[in-house]
Amino acid sequence: MPAAARRTVRDPALAIAAAVVAALLAFFVLYPLVALLARVFLADGQLGIGLLLEVLGQPGHRAAFANSLLLATLVGVTGTALGFLFAFTAARAGLTVAWARFLDVATLLPLISPPFTTSISLIFSFGPRGLITHDLLGLKGVTIYGLSGTLAAETLTYFPIAYLTLRPVLSAMGNTLDEMAMSLGGSRRHLFRTVTLPLAVPGLANAFLLLFAASLADFATPLILAGNRFPVLPTEAYLQITGLFDLQGGAVLSFALLVPAVAVFLLQRYWVGRRQYVTVTGKAGPEGTAKGVSPAARAVLVALCLLVAAFILYLYALLIWASVVAAFGANHAFTLDHYRVIFTEGRKAIGDTLVIALLGMPLGGLYGVLVGYIVARGRFAGRQLLELAAMINYALPGTIVGIAYLIAFNDPPVALTGTALIIVACYVFRYSPTGIRATIAQLHQIDRSLEEASESLGAKGGTTFRRIVMPLILPAFFAGLGVVFIRSMTAISATIFLVSIDWTLITVRILENMTELALGPAAAFSVFVIVVVMVVTGLVNALLRRLRAGQEMPVAGMGGG
Amino acid sequence: MAADAGAPVGIRLEGVSAQFRHRVKGLVYAARDVTLAIAPGELLTLLGPSGCGKTTTLRMIAGFQEPSAGRILIGERDVTRVMASDRDIGFVFQSYALFPHLSIFENVAYGLRVRKEAAAGIARRVGAVLDLVGLAGYERQLPSQLSGGEQQRVALARAIVIRPRVLLFDEPLSNLDAKLRVQMRSEIRELQKRLGITAVYVTHDQEEAMAISDRIAVMSRGEIVQLGDAETLYRRPASTFVAEFIGRSNLLAATVESVAPGAVGVSVAGARLLLEAPGDGLGQGMAVRLVVRPEAVTLAAERPGALAATVRGRTYLGEKVEYELETAGGRLQAVIFDPPEGGTFPPGCRVAVQLPTRGLQILPETAS
Amino acid sequence: MNDTLATGAIRRIAAVLALSVAGAAAADAQTLNAYSIWPENWARPMLQEFEAASGIKVNFLRFSSGEALARVIAEKNNPRVDVLFGGPVETFAAGVKEGVFEPYKPPSFAALPARFREANGQWVAIADDPLVFMTNAKFLKEHGLKAPASWDDLLNPAYRNMLQMADARTSGTAVTRIFSVMEVNGRDEEKGFAYMKKLRQNVQLYTKSGGGGTLPVGLGQAAGGIFFIVDALDTKAKGYDVEISFPREGIGTAAEGIALLKGAKNPDAGRKLIDWATSPAMQSLFAKHKINFVPAHPDVKTEPSLAAVLKDAKIFPIDDAYAQDNRKKFVARWIAEVLP
């Protein structure tokens, strides 16, 4: 049988790049995962599920599994609802530019913050002596630890993902559709029920799944807020390993997390992904006019959103306050001492984190465009598989990835634990999919003939990539690189297993500070991270705007710490 | 520049095929067993309807696509497995494919930079070629700041500045308006002759093909169905497909009545004609098609024995009149040039159709 | 960000790019790596004093005792640090079982009481740290309570859901607490666990580290808990209105240890740190840095205000052998029965 014509005469550059990427993926994604699975299913060289049954047989662990799913479902529902409220208001309530900007800032903050920030502020506000529950409302004996506190914190942290996913959907559906339905005689409520909602359903499902995954993977929030009566898998796995030195038990617990995470990923990719009526571009201004809502409803919507947004800003104000008073709750004298502390004692953590973030940034950006290019332009079998492999570490909760790395890279022949490389690799392979997707999307808009023109003029694949493709997908490159930087500054769930005496991270310091009751430095570190990340986000966005009008960093694809 | 372009080379395609995997139909041919020899310095056009495989064939010559069978030679060199970047070609795309982030100068200079030419040489040669296409002074502009025609010239300049041995065009004018198209095609033709570069040109516009080419290869369903110069294709179409694709034509159903050396007798809708034709492969009683160009038809007042027709439509266009006629053998188009004043036939009028007895192409009914 | 930070960062990037990180630290004889179980605000001034006194540079990373132990065990084949610094000796006792330490007897070894040293020198104590009850003064006043003076006082329903103390999975404080409970219950396991299960009703949160609950108690988010005296006095020193009390049945104290790791890359520097930390040289600096540890070395006097707090308290040491034999079992049982 004659072979089907290959699109291009083989270019060794692309083949070599693909081989390199495949090798990297095999080494940094598949191998650790296999090592993890081996720990779970191999006992004394025997394949079996004995260990799995033993660990999951413990009531505490079973409860953690059930709790994780319950929490993720609830966060999915409440976060999507809140996100929809915001998106609907932004798209339809005809906000002025200033108010829309206010909502944007309030929703951006949780996405770019280090973990714990919402949790810390919530504890201050809602505990037995909380500023709100006790001082303001005079309530007594309120506990924040447990399901409700965790749910509240995660909802506030992750609902912006739903907002950013749903806003373009609702905006793009546009007013034309509404006007059409209205001119056909529908009432506003009827319109909402029969037109807006059904069209938004795939978007809602998508948002739900994203939030579900984010909550499932969240490690920091439950560590602070879940308390002991509501254990969840990521924290249990962490305690199993770091507290009891039961790597195997931790591996099993993280494996239990893997099953729902993979299910959600596949659902999102192959089911919801194909049912999106409106493509999500990531950018849609507050273009709506108040056609779809009555003035009264509009007032309610706007008021609700502003209330939530104001509450988020209040939480951050509290954080800033805690960073500049001597001892929060006892001595509110103004001091910059905590900042002095983080820049002296915390200097190593800051230095290490910046080094790792700065190393990961270009590597992650490059890796993202390279994989995106290979997937979009390559024509070899297994290209889809390559893309799927590149998405794995992103889809999996950080706890799994961290434990898998710990197992895979702790002993010779590949003893990488303790190096910066392992942390950088963890971030690059975990947070590049944003860049990969952006690259693929951008390449779909660039006619292939540009590359062929370059080729016909005598350029080899490498030159074409460098001189033609790369300049054209720079926005994707910077978007990918920005996300890797932000995550390198803020993530903890995977890398908490990978820090070492030589390389530590700000987020891990924050956690230590919190457990050491050094709240001021914890707050100061958090503020520092937020400022750095905002500055970098601002710079990247400014750059993106210059490169291509109207494009912004797709922060929505960044869920999960 | 023509002076140092080197001697032109020929191109040979030997049994070249391209197959694609179709979701429903399985493996399908986009080009099938294409054999073609293009002479050095010749401009050959691939002409055919949409989807017939023109672009695929051209892309295989360029090296953007690998044939599933056959050999491609440029000059004496077998380039079948050679990458496009090593084939020494210039390609002009339908979409121009200018690099949007590079200035006009840099677009044109790109191929030279890739070849690591010295800066001074690059500046000189880019300047010269921009002069040649009439774009001197546009060096610092970006492609988006140019009109379609100007962009087309840049694409051309970019392709020829590297002095390729072969120039390939894929519908380069289809995005331009009619007037510019006519102008550009003669410029391209003139330039190609001047530079003496062997060229393959793809178009689905038969007029453009006839105007620009030395020879035309008409393609249908992945195969070359006829190869020849414009006049041969017009006068002697080898099939009803070519007859209909090149120019306008009436395909009148006829029956062979007699075959003698140099003379073939046919009957068309009851009328008898004796045609001057070789008659090879024809036999008595055979069903054939007569290829009658509209301008070959003359009309006269109705008379017995002649091929009778009713005028169904008349369009007066000044220098000519176009008629839509109905005969017992089917519809017929006629064009009468320089019609005498008041001498046209109104609709509903019965007329006698006169066909020329020389130069009519007789096609067996099967040759479609 | 200051200049040195920036240049330091650039230097480190260069180091990583040159792939020379791994070798660099180990090769330098004048540096020392340590895991500290003491919080940074105490470990740092102490280790800086050591740096000043010895000229040896100390890199350290702080972990809760469980985490530190877990790391040391995990890295047994290729230790990344030389010394395990601070933390209750029961953690060290667990380490002895895992064979992670290199015995070393510093000059002060002979002068120390038996409970402040492992017979073979696998670890040596640098301080003593009794547990205390710490309660929020305002909470006590509001509920008309006196500071708890008995273990049973903590079972008062007034404290329901308002106590915080350490999680036995990660914290040595918790383990010392569990042994204290056992001791006051005459080492009757069943009685001890029955008490802890009753106490569980009043526990709002088990914290990851020993001092994790002090701030909530200081803030009034929690009413009280069981902590090491260093953490409790530190909370008070920060200005939080808390009361410190001792149960009349008695409460345990944990010696704080130091140990050299087997396979340490910088053993000599490690020994120097142990010499210094076990000597009066370091322990007489506790007062200067407001660290309320009770010195382990008999030649160093307890700081007067600390001595005043401890004056009438009934404090007993946790028996080393008993702790070593039962730690794992008790923690497992605590997780299974008390925690849920």
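To keep things simple, chains are lettered A, B and C as they appear, and every chain counts its residues starting from 1.
Here, contacts are C-beta pairs under 8 Å (C-beta built on N, C-alpha and C of every residue); 3 or more make two chains touch, one makes a residue touch a chain.
Keep in mind it's a predicted model, so treat the numbers as computed, not measured.
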Quick one: do these chains touch in a line, a ring, a star, all-to-all (complete), or other? line
Across all chain pairs, which one has the most C-beta contacts? A-C
From the mean C-alpha coordinate of subunit A to that of subunit B, what's the distance rounded to whole Å? 56
Just give me the whole-number Å value for how far the CA centre of subunit A lies from that of subunit C. 36
Centroid spacing, where centroids are CA-atom means, of subunit B and subunit C in whole angstrom: 90
Complex contact set, residues of subunit A against subunit B: 1-11, 447, 449-450, 452-460, 463, 467-468, 471-472
Give every residue of subunit C touching subunit A within the complex, in rising order. 1-2, 4-5, 8-9, 12-13, 16, 21-22, 25, 33-35, 39-41, 44, 59-64, 66-67, 69-71, 73-74, 77-78, 80-81, 160-162, 167, 169-170, 203-209, 211-212, 214-216, 218-223, 231, 235, 238-241, 331, 335-336, 339-340
Applying the document's contact rule, which stretches of subunit B touch subunit A when the two form their complex? 17-21, 27, 30, 62-69, 81-91, 93-95, 97-101, 110-111, 114-115, 158-159, 162, 168
The subunit A residues in contact with subunit C across the complex are 58-60, 63, 123-124, 127-130, 134, 141, 143, 145, 223, 227-229, 239, 241-245, 247, 326-331, 343, 345, 347, 350-352, 354-355, 358-359, 410-411, 415, 418-421, 499-502, 504, 512, 514-519
